[in-house]
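A, B, C, D, E and F are the chain letters, set down in written order, and residue numbers restart from 1 in every chain.
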Amino acid sequence: MKKIEAIIRPSALRSVLDGLKAVGYPGVTVAEVQGHGKQKGITESYRGQSVEGLLPKLVVTAVVGDKQVQKVVNIIIKTARTGEIGDGKIFVSPVANAVRIRTGEKGEKAI
Amino acid sequence: MKKIEAIIRPSALRSVLDGLKAVGYPGVTVAEVQGHGKQKGITESYRGQSVEGLLPKLVVTAVVGDKQVQKVVNIIIKTARTGEIGDGKIFVSPVANAVRIRTGEKGEKAI
Amino acid sequence: MKKIEAIIRPSALRSVLDGLKAVGYPGVTVAEVQGHGKQKGITESYRGQSVEGLLPKLVVTAVVGDKQVQKVVNIIIKTARTGEIGDGKIFVSPVANAVRIRTGEKGEKAI
Amino acid sequence: MGLFKYWLGMLKGKSAALATAGFSLMTAGSVWAQEAAAPVTAAAPAAAAPAAPAISAGDTAWVLASAALVLLMTPGLAFFYGGMVRKKNVMATIMQSFFLVALISVQWVIWGYSLAFGPSKNFFFGGLDWLFLDHMPDVSSLAPTIPHYAYMIFQAMFAIITPALICGAYAERVSFKGFVVFSLLWATFVYDVVCHWVWGGGIFTQMGALDFAGGTVVHMSSGYSALTLALLLGKRKGYGRESMVPHNLTMVLLGASLLWFGWFGFNAGSACAANALACNAFVTTNTATAMAAITWCLIEWFHHGKATSLGAASGAVAGLVAITPACGFVNLKGSLLIGIVVSLLCYAAIQVKVKLGYDDSLDAFGVHGIGGTWGALATGLWALKSINSSGADGLLAGNPGQLMIQLKTVLATAAWSVLITVVLYFLVEKTVGLRVPAREEELGLDLSQHGEEGYHI
Amino acid sequence: MGLFKYWLGMLKGKSAALATAGFSLMTAGSVWAQEAAAPVTAAAPAAAAPAAPAISAGDTAWVLASAALVLLMTPGLAFFYGGMVRKKNVMATIMQSFFLVALISVQWVIWGYSLAFGPSKNFFFGGLDWLFLDHMPDVSSLAPTIPHYAYMIFQAMFAIITPALICGAYAERVSFKGFVVFSLLWATFVYDVVCHWVWGGGIFTQMGALDFAGGTVVHMSSGYSALTLALLLGKRKGYGRESMVPHNLTMVLLGASLLWFGWFGFNAGSACAANALACNAFVTTNTATAMAAITWCLIEWFHHGKATSLGAASGAVAGLVAITPACGFVNLKGSLLIGIVVSLLCYAAIQVKVKLGYDDSLDAFGVHGIGGTWGALATGLWALKSINSSGADGLLAGNPGQLMIQLKTVLATAAWSVLITVVLYFLVEKTVGLRVPAREEELGLDLSQHGEEGYHI
Amino acid sequence: MGLFKYWLGMLKGKSAALATAGFSLMTAGSVWAQEAAAPVTAAAPAAAAPAAPAISAGDTAWVLASAALVLLMTPGLAFFYGGMVRKKNVMATIMQSFFLVALISVQWVIWGYSLAFGPSKNFFFGGLDWLFLDHMPDVSSLAPTIPHYAYMIFQAMFAIITPALICGAYAERVSFKGFVVFSLLWATFVYDVVCHWVWGGGIFTQMGALDFAGGTVVHMSSGYSALTLALLLGKRKGYGRESMVPHNLTMVLLGASLLWFGWFGFNAGSACAANALACNAFVTTNTATAMAAITWCLIEWFHHGKATSLGAASGAVAGLVAITPACGFVNLKGSLLIGIVVSLLCYAAIQVKVKLGYDDSLDAFGVHGIGGTWGALATGLWALKSINSSGADGLLAGNPGQLMIQLKTVLATAAWSVLITVVLYFLVEKTVGLRVPAREEELGLDLSQHGEEGYHI
């Protein structure tokens, strides 16, 4: 199992979710975050004082079986890409185990 | 060390925290997220237009020593379960290292 | 590649970001969370009823190449430390792969 | 006690009819009106009204401004309550108050005002002569210097906020449909009736009860109904186990601020004129409110070592509640005392609630029931004829009888409110349903009742 | 039709001048004033004004209070709109309304009031005699019992909110600079002109059109301009693909509540006196609004099985819009009907919009255009001379001519608004630019236009 | 200079007593009253008051409505300030303003009004004859057409907001306990005294100083005290290192909107009548505010390339501050100029602050101190007897003396405010403590001072 964490533009959420739905991967968790990468933060100004701000992003997390990783990553790339700086990153990391709280099922069955 | 990430119902937070406290694992981080799994999102309606919404959830993260993983997972299962769809998931993943910022301590001592 | 997750005081954010910028690691994602560790939550009171609250924290996440881990961790320790309980933790965990959504680049090139 | 017998008797003959009346309100209403009108003799016109003074633009300006202020109180309440619930119920809670503004606005002009203030010839309610405001004289004898419409719409705002106050008791667990039906019936059978008793020329008017701006009519009726509902509905799912702290205190403070602001219309507007009496009501209102907020903070200080903003807001609202019946009868010192005592009583009541274990979610009874009762009695303690010549002296000015009258209105209002609320609760619960299913409650009322969420990414 | 010819002819001679007028507004203005003043003969002073009654403190108190209430409506609108947009555009949206309060306040005292209400001798606009409010008589013939300044500032608040209403149509995609220039021109060439036609002694005043508080002047002018802009600007980036649900419904409800509250000033204040007519306007306003909110909820109930708080708020605003022209001419029953119908119409219009695929982001046309049109026509249906002796009877009181007059004002206002909006759109888009570049829209207007964010960690 | 000597001498004999007076305020107060009353001869009754005109319902309606409006300003300020602080201090900041509404409401009716407006026979303060509002005549000579209670409660609202303005300077770092003690003392020894000087028949009244609605009394007194406290308390922990941007700008805009709305009561209500003067104040207030908001945005545009909503709100508040003393004396053009200049001055002051490095957290001095000073002087520039016959002409109408008088009141008010603030600061810091310990500041005042949080999951 792998955890796929995609940091995307807020505006891409609906496309990404629709894309994932189309390939039958429903389990997904979304969090609001802020960040900067190549796309630098932006200068904001409050009563004449400039401050450097971060940009709002969303993290879409899906834990999937090893075999689906590639497919899910591709879907996300396709649905979240605008081609402009700020499209975001996808990080894939190992998951040792998963449990479905309702049933206590473990492993890939649980996701 | 393992990172235990439990995606739970917001209403289960207090029970989970109390449960964890009872077994002496204080270190915990909670984040607000939204998601859907087996429990599909819900249809919302704004000025007559239907949209598909995600459901609010909380992620409770605790990094624990390898030996405590099972115990903590069990506590969470017990305290977060209602038996209805939407109880959530627990993901366990490896942690390479931990540092306590205040003291610089590393490894299991730090958590 | 490693994912460095630093749970810090909200007030330390600017220093940490400035510190990271100084060593040339721009990619970073910040999330608002709540938690408690050694620094217990605090007792709050609503219309005479006491409840135990969590403390607001930020999680700063940066995915970096293996060789930079130590340097980044040290920067965070230095910039986030006050020496008082509540300074937070840093967790380092493995990342299997990274993708830059905009270009599709993979691996360390993507971060 | 004669009072009790009177309306208990009245009720007995009516209760069956009441239960079957169901939704055909208007028919039921007019039947009832005829029945009731028969046995009782002329009583109403009532009240002051010196020989037809002219309409005053100044008084009208003040009453219209006051009506607008009181209108704003209900959204104020929406935010006061909305901030206190959990995030998943915020819109449902705000919606309850907001929708009541719409619902009761219409109910009032169609039949509510007539029931409450119509030219009935009985002690009990005002009849249906003024359905749709037809046949209304241009000026009400209760407010002779302003157009009748001004008085009517000012009163409408009171009718609106009263059922909204109850929302605090059943917050986070009733269905929207059930809430609508219950509120409409409650407004008709509790509010309109009690309003007639106290202000409309009904039995309390006759008895000389003092209620300047609605201690009994507004706060006690809603407060005791709130308690009744809290008990009948049972606790919220997870009560005592889940955290149920206010999700947004800034919203609570916004609500409390709008309430304080609007309450000047409520209380000082109740003079129905821009005169010295209105000024007295304005000043005593502000003073009691301020004193109650300070007192609440002091209590918290002693009890927990810290004063809270929620406490300051709660104390302010308690003070506003308590001074409401008294504001046009007591002087400054009376208002200070009323403010101090109400916070002591309400704070204590809330602590007791937790001990007793019933779930009056947002303390509708703890604040409005207790505070309203105290205010009604306090009026009987500190009322002064020197403040309001059409009022009466209270106990401390040597007239213990007034306190007894106040006590009677308290008991009668509480009893009637509880009784009808019990009837309506069962009626609604058995028909459209009042308490939501557990799964909907868990999901949150915003999504389950309204299909919307307060906040989006 | 004569009407149409009249001003189309007028316009032809002017359109070139208009296009080149550019920024030298004041010069342009006075040139125009002289040109236009020439061919037309005396018409204005107009309206009621019995032989110089004294200033009434009561009336003044009410109009000043009303002016304050109406001022608050624009921030109310800021929150109503601000809650409906996505988080990244919340400040830009609030700023549009807030900044207009400042911008039009100044425009109005410098040249707007003069254009709209100045002592012109033509049907078309009021001239520039009262620039900077100089040379104004102490009392306006339109409001003889209050100081002229009170009437002027009360009217200012209407001039402010009207362009702010349009913001709903182009929300989330215009540049701040373009917005400022457009709004200033629009206020001058649409609002001030239409205002003169209807209230300032202009052509509609002469025709006997009824518009108590601004159905044509405020809601139709803004509504049709909104539609025009929505079509010209095109859809928001991602429309139909991205989720564009309201980011904070509590803010929407706050806005709606402030609108409802302030609208009492808008409508009842338009009596310019604290009299029975003001009371009628107050009551019909509240009733239509309430009825429209209930109706909207019922429609949702039938359509989706659930009533929403956004629906209640939308219905309330639709009701407020529709009753605006009618409130001082119709009776209670008329207001109930106006409220019911407006929600049916607006709800339908919004569903049609989605089908047609244009992006009136927050339904400025769907609510203000449709609701305003309905209100103007409904006034022609249910107006009663018995409510307002200086008004007229409507169709249902046997005077079909009134409905025709109303229809003419509707058409003329819509046509003028659309026409000028098209001209101004191209003018602004080609010069300072109105639509933001795609990248700025994606980033959000808060950051790209103002360099600030609504919410911070 | 005689003025300075006068009260410096007075102070010398009093300063020891002041320091020891501590908490036994009432005793101290009356002792002081007797001392002070001796050497000075009759001076007060003061001011206009033509031979006992009748109470006017219209005027009363307007002043009551205004009092309600001004009450709302302090919660407005709570949100204006609350949105600007960091999330962890939001409730503490809102609480400061909200609690002051309660605290000063009570202080004012018990001793504040008497100190400020009581029938003293000295230049300095009003004595304690009207403690608990006893022995007050039914009508004040300062507002002869309304009940005394209306004037008293209207003035109360000014007394409330003034110490609340200071909160902006010490936001995010004072203990609640210290804040309460400081504010109570400040209200008594600064506000009540300066209020007496300017309006209560005191020394400035005698001198002919012009301050229509409180430039010196409200804004300068609070502004200079704010600066003093900012300097004495030192910077917030992490100032210059941590990000301290507003956590919720929508809340700031809400606050600014409520301030603008309420300020109509503040300024136009200060006419104490619904007359032409009130209308002038209303119009100049709105105009200066609007012009200042526009100007602030233009400055930002030139300075940073973008106008911000925080800037528009800040400019509006600066405009409101500056026009306050002038609104009933200057004409429209004066108000435009006052609005333009105040934004230039305040914006500059804020930039200088950053350079100088003191931490006036939310620019209480930058806006109220600078804006108030400018307003007071501007009144001396543009005042016109033709606007207000009981006023005076200013410099530009050929009366340079008036500017000198204004300057004296500016200096005296600033000096007195600074002086007493220094004394009170040390008094409070040494006893209950004013600045919170570093650990509590880091945790946030919401949790450390009140044990509550603004927002919950």
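Everything that follows uses one rule, which is that contacts are C-beta pairs under 8 Å (C-beta built on N, C-alpha and C of every residue); 3 or more make two chains touch, one makes a residue touch a chain.
This is a predicted model, so every value here is computed, not measured.
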{"item": "Neighbouring chains shared between chain A and chain F, ordered by label", "value": "B, C, D, E"}
{"item": "Duplicate of the C-D contact set - from A-F, B-F or A-E, the pair where over half of the pairs recur", "value": "A-F"}
{"item": "Chain pair with more C-beta contacts, A-E versus B-F", "value": "A-E"}
{"item": "Centroid distance [mean C-alpha coordinates] between chain F and chain C, Å", "value": "44"}
{"item": "Distance from the mean Cα position of chain D to that of chain A, given in whole angstrom", "value": "50"}
{"item": "Centroid spacing, where centroids are CA-atom means, of chain A and chain B in whole angstrom", "value": "17"}
{"item": "Multi-partner residues of chain B (at least 2 other chains)", "value": "10, 13, 30-32, 34, 44-46, 53, 82, 84, 93-94"}
{"item": "Where chain E touches two or more other chains at once, by residue number", "value": "56-59, 61-62, 65, 87, 243, 245-246, 248, 254, 274, 304, 306, 308, 310, 451-453, 457"}
{"item": "Arrangement of touching chains [line / ring / star / complete / other]", "value": "complete"}
{"item": "List of chain B residues in touch with chain A within their complex", "value": "2, 6-8, 31-38, 40, 52, 54, 57, 59, 73, 76-77, 80-94"}
{"item": "Complex contacts: residues of chain C adjacent to chain A", "value": "3, 17, 26-32, 63, 93-102, 104, 110-111"}
{"item": "Complex contacts: residues of chain E adjacent to chain D", "value": "56-59, 61-62, 65, 69, 87, 145, 243, 245-250, 253-254, 256-257, 260-261, 264-265, 268, 273-276, 278-280, 282-283, 286-287, 289-291, 293-294, 297, 304-310, 312-313, 315-316, 332-333, 336"}
{"item": "Chain F-touching residues of chain E, taken from the complex the two chains share", "value": "55-62, 64-65, 67-68, 71-72, 75, 78-79, 82, 90-92, 94-95, 98-99, 101-103, 105-106, 109, 132-133, 138, 146-147, 149-150, 152-153, 156, 176, 248, 251, 254, 274, 449-457"}
{"item": "Interfacial residue positions of chain D with respect to chain C in the complex", "value": "243, 245-246, 300, 303-304, 306, 308, 310-311, 314, 347, 350-351, 354, 363"}
